[in-house]
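Every chain is named by a letter (A, B, C, D and E) in the order it is written, and numbering of its residues begins at 1.
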């Protein structure tokens, strides 16, 4: 019975309201942060940084944003990539047009652009609900695709619509090594995750969830649907916008509107559903699943093929990859429809009872 | 038997009519509710009891009539205003927030009272944190009062029906309402549990002086605890008065109570 | 004027084809409450199966008659879609009874990925033609009235006819039969439907089969027009505004929605596009649908969204 | 128990939700042919779970029977689908109504007859339901979601009757019904039982009514059967009187007076 | 340690662009296999490769790049996508890996003084567009006849499709023709509105800047709206077998640029048949060998191999070259007609000779026409007009450098 809260009495509401009321959890999280900030840089290779860790960290951030809207407030959105795009192009415009603007304000300004865009496209949610809203949010997606391709001003008149940034500096330090970029993104993620956690366990978080679970009842106890929904759109698209700006600035360096296509919107939605709707932890799990699994599969499958003595062509590998990916999604949903985070907490619950089954 | 002080009229329902397509859910209903009293609404299924509460709450907009609350008259209420004025409510078909724990459900009842803004909440700096803890303390009192300490952190969806009804009540209480509208709070409970629920209702009424409007089908409960009873029958009011009087009214017996009572 | 009519007709015809895809969504949603994101993949899977079977048929049997090959391929593809439906029920839906919409939607996305991988590995990634003998060249009507006449594609007209027939048949099926009622019951509440003896498994196989058949027809028509390649799955995205505009639960809505969207997007692209640089039709379709939704949140013909306390 | 045929035999079942929450801890009960058996017990005792286990509706709740067996007329039924059970005549009325929201009342009722094919019989049965619940007839064309709580409850019961069952599992049939209708419902139960030999297993909170109409009763508490016996015996048992009938010590206590009266809290166990 | 020169192969064999991406990728692989089988590599250095599927998606492409660039003996990267090229243009200089983008990528990167690591050889979208206009002008009997004509550009709505626009606008100003821009949303399976607009404005010529399924769809829609196919000119990415095969006679008369020749009678193709395909080691099916895109793959890979060979000439024969040394090789290629004939590329291409300032090396192309069953290349070669291109390239490069706050290369840098 390693994992037990017995004997850990809470003597004040403050201590009961901590993010991790159980000591073992606190230790685990501390360790995790230590590994992420200190351990990883000790051994990670450039490939690990640029292809796995940085995308994972940025996508976690985006998934966190999506989770606020979809998981906590219950407004399914298929336009998340559009918010990322607005964040990225918004930040780009500030960066390119205001010489010497530091990176962090740039990212925040990008986030704010996305926030306004999000609120604008969140307005229909006051009337339109559920899947209707989900499909309607695609309007944001296709509009942004078009806007950044067609309106040259947004791309600083680059003839192809592709833009790029370089020589990024943060607080005077150049972000030229993958490790620096990783640590920068990770710090942002840690800070924002903490803020989001505070929000969702506070009053506004409860308003969002109330709207999600039963909007009529929520209205009766005095929650304004408009405020709750639009604030969720605002917070969510701000975070997604920041993530978009990071994706463009830090991960891609140079991007075109297609980098934020509808495909990405879908992937973001998968992340939160697979990870667990309404769970901060779930956003990380989901991002890990969606970012890492395809890469892992594309690297593993040929090796597996070799083991059983068949040489798989790249085409076959990518087909098998698609099939495995689809199959795994279904399999995880069957095992636990509420996502990996739920699986995790059930695991913890079992651990709590261990060695007894119930 | 009536030793508590019943005050003036706080809630006055005037000539309310509500139609849904061809269904006349309410026809020209008027009644009043006095401060501190327990006012019951009874009537057969589909009589329009829940619809009446929905009109008071601003969930439905009646085609005719008005509602006066503490001197202010409305013909169309907005849910938020109603809540701000201090009218709380429980629901017939459990309208709890399924994905949230018991504590969070009850905490949402406090949301009207939260002062800190979204940024302060995100940072959880001093005042926001203190506020949160103060509300939490209040909610713990309600939890104690309703005796659901053991289920604090359970997601409400997993609770048995009877306990969910208690949480529903808790959420309404958290609003510190002046008037509490209860829609069949005791349905699906056995006698023992009904007794508990009655105790809660009476305590609330007594200790906080909360005015209560109660819909209930258990005549034992209604007759025992209410001060006055309104009887609806298919949208029309067919009786209004003290429990004794209502119990003996011919109309009411025919339409609702049947002979066995 | 003549050109306006041409655009209108072009829009109507395109809309009819969107309707066919939209119909697949509506069917499955209406009958099981699942928003089936795999519909696009099903259309392609069916169409590819048909294209490739027709191509392989002479090799397998030695019969070189193209009509026979097409018929055989159609049947083969139909059987394949039946197998898909059966497997989907067996392996996926059966285990997700009574789950929330988001979970089911996600599961269909998983299915879509799977089909996309499977389809390409079985049938290849090239562009394959479907030759069912539809006329490709345009005809010009009313050339007495308008100079140059009005251009109409015979192919489109035939396709629209097929789509209309399919829709009428399905409307009748849903409104008038016992199975239709059972399907709607399942959509409302899986558990309650089970409790009164509606066999969910069988119902789902039926619905997915019907949706598969619709997908096959849609895929065949699109394929005959444009050839089949897996990227045609993106037409599913074109059909989504149609679905919500017409109403997720309405079969006739899929048709009306399709026509409105088809006409709306072609007119907007042709008449508005040039002023803003073009390429607006896809978002215009969504915005159009959104505008309608603001007035009727359940779509033009959808069932009212119920929220009651 | 009388030497009647046992239709349903539940033998020491254990039910776990979500792989971790153990709810039923070895429940056994028997239902004789043509009997009316009541399961009583407080909130959360596991009544609903027991009924779900029998009708195989646990899957959708992510619950499973991990121990014990359930036999219907000697046949093991744990692995049948709910639809198979309906074919064998076992229908459940679910707690909390579960009407098909978008279907009209009449369509709801007709959907209940899904397993039957004789149009004439179905029509006759529909008439029967309408005579039982006249309120439903007036509301027949409105969508179920827009009817009142009680009307929905009637609809759910009527829908089950439409399947022409030989055994009905009723979960809290009286909930939310006006007193007259409650009586009506129990009369219908009695009626069907007497005239058509339908067997009933009902979970009820309205102990008074349940014991009046049932032949036999089981009392459950936190996942176990704690007491069983003929209905009349139970009704006279002192504990039952006190906790379930509210007439402990002979007199019925007024609800007004419960205030000062604190009882043992067992349900918190 | 065996001596191995490594070629990362970014490719896409799934998705909307697979029909075109596949033969291209096959040609590249087969050429490497052939060199190993026939010559035992380059002066004894064996050629190795690994494919990585990008699906034509930028982020997947970047991942592939990161994965493969650390491989020992890495030489150069051909991203096979304009979008991925844009992203890698930022990364490659830091990693010191040259990008070989034959006939695609950033048109302005022909300027080697601005883009040290990009090698857009043999043609850019600007040269392509220029050549199409020249050929149209010629068929009309002179460029001045273009005056008052209406030319529509139907293009893939992406950086790839937008690249030719600046040149076309420049030429439109010069010759006084009307340019109509008609974007097609990627991947381009829905073009009804586009072709309705074509029907409305009835342009004299339609230029098709498509890729993947967009091309065949465009031809089918042109047929359905009755637009004459022989007034349509495609870029070289819209002029291969997969683009027209399933349209068949419907595409008869359609012209496209030919960046390279095709067919089975070239010696290099026969060598591939002999050393690779006939031994059962071919990457794709036999009948695809010698098709347009396959041959292009072969040609591109040959340029890569020759760059390594050239580098070896300077840095040591029989050694494994670093990617920096390969870059020098790319910058100092000199494949004259004799060498080309010797390698068996005689009917496929013209001589290429690169320099520090000119990374393109050749800006010639021909026009081919589909006769319903096969492509027929017209004999005359066109060269893009230097007078127009040079200033455009220079201006664009300057703007790029200014935006990036970077400097042009010094002349001295050319010797490194």
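Rule of thumb we're sticking to: a residue touches a chain if its C-beta (ideal position, glycine included) is under 8 Å from a C-beta of that chain, and two chains touch if they have at least 3 such contacts.
For clarity, every value in this text was computed on a predicted model and none was experimentally measured.
> Indicate the lowest number of steps between chain A and chain C, counting one step per move to a touching chain.
So the least number of steps between the two chains is 1.
> Which chain pair is joined by more contacting C-beta pairs, C-D or B-D?
Output for the comparison: B-D.
> Quick one: which chain's Cα centre is the longest way from chain B's?
E
> If I average the Cα coordinates per chain and compare with the overall Cα mean, which chain comes out closest?
Minimum centroid-to-centroid distance belongs to A.
> Using CA atom averages as chain centres, what separation in Å is found between chain D and chain E?
74
> Just how far, in Å, is the C-alpha centre of chain E from the one of chain A?
Each chain reduced to its C-alpha mean, chain A and chain E end up 37 Å apart.
> Touching two or more other chains, which residues of chain D qualify?
If we look for residues of chain D contacting two or more partner chains, we find 21, 146.
> Which residues belonging to chain A are in contact with no fewer than two other chains?
Chain A, residues with two or more chain partners: 145, 149-150, 214, 216-217, 220, 315, 318-319, 322, 337.
> Two-or-more-chain contact residues of chain B, please, as numbers and ranges.
Within chain B, the residues that touch at least two other chains are 59, 91-93, 95.
> Hey, which residues of chain C end up touching chain D in the complex?
Residues 97-99, 178, 181-182, 184-185, 187-201, 249, 303, 306, 308.
> Once bound in the complex, which stretches of chain D touch chain C?
Touching chain C: residues 55, 57, 59-61, 81-83, 85-87, 91-94, 98-103, 107-108, 110-112, 114-115, 143, 145-146, 159-160, 162-163 of chain D.
> Going by the contact rule at the top, pick out the chain D residues touching chain B in the complex.
Residues in contact with chain B: 17, 21, 40-45, 48, 95-96, 135, 139, 142, 146-151, 153-154, 172, 175-183, 205-208, 243-246, 252-256, 258-259, 261, 263, 265, 268.
> Report the residues of chain E in contact with chain C in the complex, numbered from low to high.
13-16, 18-19, 22, 157, 181-185, 187, 189-190, 192-194, 196-197, 199-200, 212-213, 216-217, 220, 223-226, 242, 245-248, 250
> Looking at the complex, which residues from chain A come into contact with chain E?
Listed in rising order, the residues are 45-47, 50-51, 55, 96, 145, 149-150, 156, 159-162, 164, 166-167, 176, 251-259, 263, 295, 298-299, 313-315, 317-319, 322.
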